[in-house]
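One chain, chain A, links the two complexes that follow: it is found with chain B in the first and with chain C in the second.
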Partner chain A sequence: MESRLGFLKPFEPNGSQERFGFMAIINLKKKEVQSKIVYYGPGRGGKTTNLEYVYKKFRSRIQTEMVTIKTHGDRTLFFDFLPIQIGTIRGYDIRIQLYTVPGQVKYESTRRLVLRGVDGIVFVADSLAVRRKENVLSLKSLADNLASYKKSILEIPLVFQYNKRDLTDDGIPLLPVEWLEQDLNSELKAPYFEASALKGPNVAQTMKKIILMTIDSLRNDLT
Partner chain B sequence: MAQQRDEDNFRSQVEDRLDHLFQEDSPEATEEHARLREHPLKGLKAILLSIDWEITNGTMDSLLNEIKNVEYIYSEDKIILTFLQLLGSIGRYVKANKGRAHPNATRVINSVYEALEKVALTEGMSRAEKEKMLLEEVANFKKLKEQVVLRKVEKKEPAVSKGAPPPPAPAPEEKEISVTESFLPEETAVEARAEARFAGMSPHEAFAYALEEIKDVIRAEFRALRAEIKLWRESK
Partner chain C sequence: MDKQYISDADGQRTYIFTPAQLSEIEAVLAEDLLDVGVHSVTLIDMAGNIISTMDNGDNKHDLYSLAALAAGNFGAVSTMANLIGEEEFSLLFHKGNKENIHFSKVTDEFLLITIFGKEVSLGFLRLKVAEATEKLVIILKPGS
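Entry: the complex of A and B
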């Protein structure tokens, strides 16, 4: 069976489903491409808020349900899940699965589990000045967890989002973007967005960027 | 060459789909933010956001001072005033206990503030709706208070068994949520006093005592009801 997507390597598996590179799923029989993107970052940084914003704001066009499991304290216990259907392109149904990980330090094993099979990462950094150390620790944990799946943070599609930038209007001390870049992105040189997951600026742009990068990566991986 | 064109075409199709999917069509969120920028609650919100991460004497003092400022502004609005008193009570408790405070305390503070913001900023909200929201937050407050008391009791009564290892050094004692306020307070203050009185009584004595207390409460309720009926008749 030959892929109708020009850049996909044709393959003829016994089953109709194959996993490539970072584990995106191409189902030739069903004509589906599924990709997994994970929002990662320190606790209370705004990962869930990102998905909630997109879900509420573009609800009429997304047409799927967001699944979220929270503790009493309104914190993510396991993960949030928001599937998005991009639609059919050249006969293939493109589906993106968006996940968040629980940010609290104690849920390290859950974070590792959610990262399994990930194709792209949005690292949601907290811009609050008091959260500088937590950002760095969380990025390190991301690199370690990816390494446990033999993936490199240097290679996986990655977008940084410096969240809560709107709080500067409220007089709350924030980390300058230059510091965030220096702390987190000086080696990775990944694209970044200054955003407010609560209010919306650059939330959709972040998501669009990571989806495009992930699909590009999938294409490169297959050619 | 043809494959490159194919790839570019595919990418641009995906981009088009994403542009359509994430097309902006409602400026609601930014409008709400703009409303708050000019509102008396602005300062209070800024402080609450900062204490989410940093609980120090400085931040808690700022919070309590700001609550007083806002109380002054809303001195004629009993509903908002009660919201602020709830915030003040929990704020004083968190200040006294800091890292030892019950983990739900900041959640309840945030919940009370969110309700307060909604009540203060939503145009055309009826009094009944406001009262309903207030009652929900009062219930949250009371629940938190119970949790604090329960945790304190649990800390004081560790299970002791023969041969068990010595208990760890006691942590600094957790202070309870202050119950000296004058709003719902009457009731919660009575609860706290009762707890103190029951300490050291036998179960029978405590039961008899509690029964008398219940009778007193019922009598007081009837007195209040009569007074309200009288007022209602006078207003007719």
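Entry: the complex of A and C
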């Protein structure tokens, strides 16, 4: 498939899969599945805010504190981490590890580290009109970083979240959803949600969708 | 079930641990490390998932967060090593007042985290970790 954007190249196996290809961990003794979902996107787009909302909303399913490694300026330095138990599917306890990456451009190598072993991605796009280019660059960096682990953005479970939609009420110029779809999702054709990570609409729906897609991708293994 | 890897149509892989394999791993962690006085020992993958964990019953650590941070830390330190022209730093050890943490790479995909107190010397711990690692490498080998 030739991509108009030039970065959506399908992954071609080259035999070095063993080193990088691991996905979820399935423990047949404890009947437990551990799966890693990463929230990716440009800086100040609302990735951490998504996890904070989930943490608040689903407190009863989360047994630990949310882990965040931040700078003094409240920016994500390494990652945020939130483990959540979502119950049983086909007799397996499903344990989802939610991560964010640092969005700032300079932390590219850190983003790559966090993506190691990822099973599903939420791409949190910033709806602010002034952030159009940053969204596209961040998606390209996601495709490149996945490729470094021999994974393809075309094949991994992926959900888009167009965040900050609530700001339209304040008269702040936002990118129309059609533009975001065209910029980011015209070829990937992934599910998308219009959301407000700060206020809550569609935050849980985004998470539920990516969890379902990720677990569905493991269905053949859950015998 | 004797399979260990499963490849799906996309070529992605899931790592599946059989009950027999996990029992073998637990036996190594218990006999080589817990029995010499280590407080807790956890085998994780480099993505931060827990494969197996054993402790002496006194520990209430948040191991899932610890695993996520340990994997991140190990990745960060490996990248630091590369920046100064080293392939990796072989010893990763944090010393506390009561508890110490020792990280040891088992294979490219797995990491052993050992938490221990003053009763165990670092030298002895490293020796025992090396012995356990040799056994774990065999158990974790694909198709073993």
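We take it that the second predicted complex is superposed on the first by the 190 of 223 C-alpha atoms of A that agree within 3 Å, B and C clash if a C-alpha of one lies under 4 Å from a C-alpha of the other, contacts with A are read in each partner's own complex, and residues count from 1 in each chain.
The definition used in the following text is that a residue touches a chain if its C-beta (ideal position, glycine included) is under 8 Å from a C-beta of that chain, and two chains touch if they have at least 3 such contacts.
For clarity, every value in this text was computed on a predicted model and none was experimentally measured.
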Practice item. Figure out whether A:Asp144 sits in contact with chain B (first) or chain C (second), or with both, or with neither. Key: neither
Check your understanding: Can you pull the chain A residues that chain B and chain C both touch?
Key -> 223
Review point. Tell me, which parts of chain C touch chain A in their complex?
Key: 1, 6-8, 10-19, 22-23, 45-51, 62, 64-65, 68-69, 71-72, 75-76, 79, 108-109, 142
Review point. What residues of chain B sit close enough to touch chain A in their complex?
Key: 3, 6-7, 10-11, 13-15, 17-24, 26, 29-30, 33, 37, 42, 45-46, 49-50, 52-54, 103-104, 107
Point to revise | chain A residues within the chain B interface of the complex | key: 5-7, 44, 54, 57-58, 61-62, 72-74, 84, 86-87, 89-90, 94, 128, 130-131, 166-167, 169-173, 198-200, 204, 207-208, 211-212, 215-216, 219, 223
Practice item. State the interface residues of chain A toward chain C in the complex, per the touch definition above. Key: 11, 13, 17-19, 21-30, 34, 36, 64-65, 67, 78-79, 81, 83, 95, 97, 99, 109-110, 113-114, 116-118, 151-152, 155-156, 217-218, 220-221, 223
